[in-house]
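Think of it as A, B, C and D in the order they're written, each chain with its own count starting at 1.
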Amino acid sequence: MATKSGRVISAEKPFRWKQALLKWEVFLVIIFIAVNIMNACISPYYMSVNGLFTATSSFLEKSFIVLPMAYVLLLGEIDISVGATVALSACMLGISFNAGMPMGAAVLICLLTGSLCGALNGLILTKFQELAPMIVTLGTQILFRGIAEILLTDQATGGFTKVAWFKNLYWGKVGPVPIMFLIFAVCAAVFGVIMHCTTFGRRMYAIGSNPLAAKYSGIHVQKIRFIIYTITGTFSAVTAIFLASGMGSARSNIASGYELEAISMAVLGGILTDGGKGNFPGAILAIFILGFLRYGLGLVNVASQLMMVIIGLLLIVVVMVPNLNLGRIFKKKETKA
Amino acid sequence: MSEYVLELKGITKIFPGVKALDGVHFQLKAGEIHALMGENGAGKSTFIKVITGVHKAEEGEMFLNGKKVNFRGPRDAQEAGIAAIYQHVTAYPHLTVAENIFMGHEKVKHGIIQWKAMNEEANGLLRELNADFNATDEMGALSVAQQQMVEIAKALSMKARIIIMDEPTAALTKRESEELYRIAEKLREEGASIIFISHRFEDMYRLATRVTVFRDSKYIGTYEVDQISNGDLITAMVGREITDLFPKPEVKLGKEVLRVENLSRQGYFKNVSFSVKSGEILGLTGLVGAGRTEVVQTIFGAERYDSGKIFVEEKEVRIRKVQDALRLGIGLLTEDRQHQGLILDWGIGRNITLSEIEKYGSKIFTNEKAEREAAKKLAEEVDTKAVTIFDKASSLSGGNQQKVVVAKILASDLKVLIMDEPTKGVDVGAKAEIYAIMGELAKKGYAIIMISSEMPEILGMSDRITVMCEGRVTGELKRGEATQEEILKLAMAKSLKAAQ
Amino acid sequence: MKKKFNLKSITSSRETSLVIVLVLLCGFVQFRNSAFLTPGMIENLFKNYAVTMIMALGMMCVLLIGGIDIAVGSTLGFSGMCASLFLRDHTQMPAIVIFLISIAIGTICGALIGLVISYGKVPPIIATLGGMYVFRGLAYLVAKNEWVSAYQFTDGYKDFAQSKYLGFGLVNNLIIITILIYILFFIFFKWTTLGRKIYAVGSNAEAAEVSGIKIHRIKIMCYAILGFLTGLCGAIYTSLYASAQGDMGTGLEMDVIAACVVGGVSLNGGRGSVAGVFLGALTMAIVGRALPLIGVSQFWQTAIKGLIIIVAVILNVLAQRAIDKNNLKGREM
Amino acid sequence: MKKKLLSAILCAAMLASVLAGCGGNGGSGSSTGGDANAPAADEGEANAGDDASSPSDAGDDAEASSDGKESSGGDASYAILVKSAGNPYNKKMIEGFQEVMDAQGATCVVKEPEEASAEAQIKMINELVAQGISSIAIAGNDADALQPALEEAMNQGIKVCCMDSAVNADSRQLFVNQAGIEIIGETLMEAVYDITGGEGQWAILSATSQATNQNAWIDAMKQVMEDEKYAGLELVEVAYGDDEYQKSVDQTQALLTNYPDLKVICAPTTVGIMAAAKVLQDESSSVKLTGLGLPSEMADYIGADDTHSCPYMYLWNPIDIGRLTAYVSLALVDGSITGASGETFTAGDLGEYTISEAADGGTEVVLGPPFAFTPDNIEEWKNVY
């Protein structure tokens, strides 16, 4: 071109140890190891393959929500209706099962319910883009929980344990490995790939970083938002299925507070609430850090109240640390240069 | 009492990793209008923030009326009578005009805000600037120009002796600029000293008596405006000669690519019609708020239109969303590249390929390698000042950001390029390059629509000029016959009619 | 000035529409159950929802600066519990002291959260989520799983929530306190520079910084204010129910936020009014109170509450859109 | 600077709490149990035995260990898992349980979920199984939801009994019933009959409608009402306070407004009765109250005169429930009982108990009839629990 200076721009990613080491995931891995060491020290029962795998089942069932929640947070949005969605879908599962349907059909209905709940969120949020997700999902949270109460009043719907394969979803094992663990592993892998290797994932990052720019780049922003909220509903239903399998019954008041736990895990995993940041492996790591921490402390019967304090502080500190230290390190290095 | 109201010596400001200011000097005489010029990233804005106490300089000292001062925060500067009108208007959209004016120095009687007094005084100031809005209006409802007025009113309300204007005219049209000049003059006559930052030479010639030039965060020199030639000034700023600012190549026009007929959108524009041929650069001008941006946004599918027809290569098309426009080969460089054009904390590579990920990968999966190669090629083609395609877009200067956006729309195979204020906030050096690129694209057979408020560039670059006024097309001029006066007459047609 | 008129209508519309809804609601309930609008009933309503109403004000401060606080429930539990324990062990203490203790603790909790958010740069939702766990846990721990039960409270403390001496024998003390606080905050937000600064920070933090407002301090202050009111409510709560339990106030945060939102406070900060919050809180209170009265099965009440929130916010948007459309029509070409 | 300080403080705080958590156990390995009013950390201490005690000191530990054959751990350890933390009623049961275990020199593990949910209890059951506990005594938050988890535990050879609030028959060996459902039904109806004077409207204010025992009692009362003796009584509504204080208050006030000539409210729940009592007394309403409540919580409201809202109420002694449960766990683990109907065993000073068929098809031992708290005896009891 006229003013072309023939400048060459490299397409090779410059590798810097500093950045590689300061990666959030590295930090998480360190914490993860630390947690395990601590646990192994404080409890003789901790370091057993069987025990650990069993332990996973006590937090994996709610971790299914973390997968889509990571997406929601990546968009810079939030969904606090998932807990209620779990309850509602579980109730639908029970109702349809006890209405004489085969369990397979009941499971489908459960998934459908969850998806519908998610779709409702998505619909409202895409039709009324002025509304903050926090509010809408707060409303639907109460609504879904309410519908569950209307359906089941104060009763439980149970008897799922009669269906062997359904019970095995939560309790069954292949060797030492719980079936739920395997399923989770597969789902996690798929979600990870979607987030990092597909056009869909790239577009999510774009929307999360700058929705306007994404729109002007011809990305179906609203469509993608809708899809993600729907997926979130679907996977809340998946959690509902495992929960129902684990408890052999369902009530309108189950899974309370799951939304907050899911959010904590995702955020701990580095997928911050302001959108466009974080990687998927981080979220998975976070799930296991929190899970094993609780399990370890539980093994030595730390008072659950104290556990709350620990988890709470951990959450705050871990999110705060990088804001404080990373910055300082960079400054030092660069002002020297 | 020294002859300088404000004097800064050897100011150095270091941000993590970069020296934003490197021992710069500056002297402001009492009652003068002093232009401060330099390319983007030359350190002008940082310099201003140092004067107003927002940033603290690592080295150097500052004298106010000969006395050494040391501001701890913006408050100190305000109390010392220094007021700044920043480049990006810093308003509180949810608050009223009066509150915006008096923010930080509200009228208070034992702890209670005196609304009545504030509103009255605010209205007084606004009348002084003959503004067409009220102290009780909500700031968010005002136009950019009006908000600028409020900022100025704020400076006045603070009885500031030294007023700093950081690119005040960037967002203003010719007429509004004229108004601004008038105010500036008025302030000077009243004894205020003004520091005036701008990329527009006309601003400087019109107002300033002296001009100080920064380059690469260093002090280059201070000159008497009437003693320095345009060329020398540019050389001082850019550090190299710019031979031809408007390298408009002669291109033989192809067949018509885009035509709009009676396009209307309730409340924004009405019965807008124009057409553009391949290889042609159509200048679309008018006062800010004439509806130019709205028109192109609508053609690009970002907004819906109520009635009218759009033809692409003689075929009528219906454009409902951005995807339609892109598929039909219509691309848009938005005016606000920071928010609409780029994802600032992404690498330039990813920015360039964003809208065409699928082209390089498959429908589902991305193909990093192919993307990087393509991005590299495009980035080089528009000659971006960057080391790797992983440099963050935010790390580039305005000009280079604009180039990245150009590269981005070049990634998709388009026929029509719509450029909304392509050189807004871009420094002289980069401007020339962007014009050059436009020329090249025209040669390649793209049909280009360029929206601009800057007369020289409209006159210099476009084959045809369509002028809009208050939502309607008021005229069309050929390259030869167009003159500033002609355009201005059409641009203000409505108000002129009203005058008669 | 046409524009001026429109702006007026926007700002007024929220409140007015809420008032209309309220009137209709009350009318309907009254029609179904004449026992609704009796003085005693109304007093009960305000008495039992004083907590939500007061805390909604604090929440507004936080929402105004674009933050959020979901720890308030726990903070209330913690401060209330500490105060009650202190009262249990020092029965000679006058009620006022207990209130002050609770308030102090609440304020500290709030300020801490504010500190973490402003200087620690932790997103509010996360910081308060953590705080939620921490304070709740602490509430249990300090109480050693005990409750503080009625007979362990001094009569002076228990009677405070029941007697009317602040209201000169006319109105219940809590109602007086609520009213006073609302008046106070109305003045604070309308006529003091500090109050306006909060709006400024919420409206455009960057600009606020440039014009010399200490953003960090404002943020911390807002969370502290919320903490202050929460602490106060902690005391009110225990005094009202003459009992302190570790899990008191669980889930309260959502009610409070909901009240603000129905009252037209924007979660993006900068927009919201004391009057709106009052109406919002009142709406939620009346709904919670009225449904059992008109014989709505309690299993339906939750769902209806949720529906009301959603409808309220959506109506808000629709109203806004309608107004904007009118503004456009106003512009002739 | 501020930032660094802040982070330092927070990190310190977290470390401290973690240490407190673990230190709690390690520190007090010697003293199992700990006195009644020890801090919550003593749930930590309470079980400390089970990681502190190596086989060596297991020998002189307790007779429990001597024949704890099927117990998977080194020596037998007994777990009690209550509904939720922060509730004095549960705490009293725990105290009773610990008291017996300490007396036996056995180690006991205390688990209190932070919220009264089945999910939380399942998690804790898994943890207990992993610790190789020998028996679990549980107060179920949900009758059915715990079945899979408890069955899993029983397959591991862990003895499972439940107290206070039963889990369903398949998921337990034995239910320690605080008082026969029928007895409670009759006693409460009798009380209502007595207070109303034989006729008039009355209402029930129940706890969280999920709690199994609540519904069982209410059903029992309804059955008793069939008797024409109670023909004059009209049960107008069963309201649910969900064991939340404010909700209970709202419900009570709603009852008062909806039924002006209501005579008696019967609240078979500790939270509900408190709330109701408070409301009635504050509004100096003529409506009277009875039901099941903690004396310490109700002391203020129990009295014969009109200034008090509750003439008398009932409850069993949670401490005794804890005790009996402890003896049951011991007996189950050392094999002296299997939980089959007809078996008998001695529960220390509580005396001889016989296992009988429970209504739900499982087996149970019944602690005894509920104890009446009257204005005369409340003063002495309010300090006990």
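Just a few scattered comments:
Here, a contact is a pair of C-beta atoms (placed from the backbone, for glycine too) under 8 Å apart; a residue touches a chain by one contact, two chains touch by 3 or more.
Quick caveat: nothing in here was measured; it's all calculated off a predicted structure.
Using the contact threshold fixed earlier, the set of chains in contact with both chain A and chain B is C.
Minimum number of contact steps separating chain C from chain D: 1. Of the two chain pairs shown, A-D and B-C, the one joined by more C-beta contacts is A-D. With centres defined by CA atoms alone, the chain at the far end from chain B is D. One inter-chain figure worth recording: chain A and chain D are separated by 35 Å, centre to centre, where each centre is the mean of the chain's CA atoms.
In this assembly, the C-alpha centroid of chain B lies 44 Å from the C-alpha centroid of chain C. In this assembly, the C-alpha centroid of chain B lies 72 Å from the C-alpha centroid of chain D.
Note on chain placement: the centre of chain A and the centre of chain C lie 30 Å apart, centres being C-alpha means. Residues of chain C in contact with at least two other chains: 116, 120, 136-137, 140-141, 246. Touching of two or more other chains is recorded for residues 153-154, 303, 305-309, 313-314, 316, 320, 323-324 of chain A.
Residue positions of chain B touching 2 or more other chains: none. Here, these are the chain pairs in contact: A-B, A-C, A-D, B-C, C-D. Contact residues of chain A toward chain C in the complex are 78, 124, 128, 130-132, 134-136, 138-147, 149-150, 153-154, 260, 263-264, 267, 272-274, 303, 305-309, 311-316, 319-320, 323-324.
The touching residues of chain C, counted against chain A in their complex, run 68, 70, 116, 120-123, 125-127, 129-134, 136-138, 140-141, 246, 254, 257-258, 261, 266-268, 299-307, 309-310, 313-314, 317, 320. Only residues 1-5, 7-14, 197-203, 206, 209-210, 212-220, 276, 330-331, 334-335, 337 of chain A touch chain B when the two sit together in their complex.
Chain B makes touch with chain A in their complex at residues 14, 16-17, 247, 300, 302, 321-323, 325-326, 332, 334, 339-346, 349-350, 354-355, 357-358, 361, 363-366, 372-373, 375-376, 379-390, 408, 412, 432-433, 436-437, 439-440. Listing the residues of chain C that touch chain D in their complex gives 33, 35-36, 40-41, 44, 48, 115-116, 119-120, 136-137, 139-141, 143-147, 149-151, 162, 241-243, 245-248, 250, 288-289, 292-293, 295, 298.
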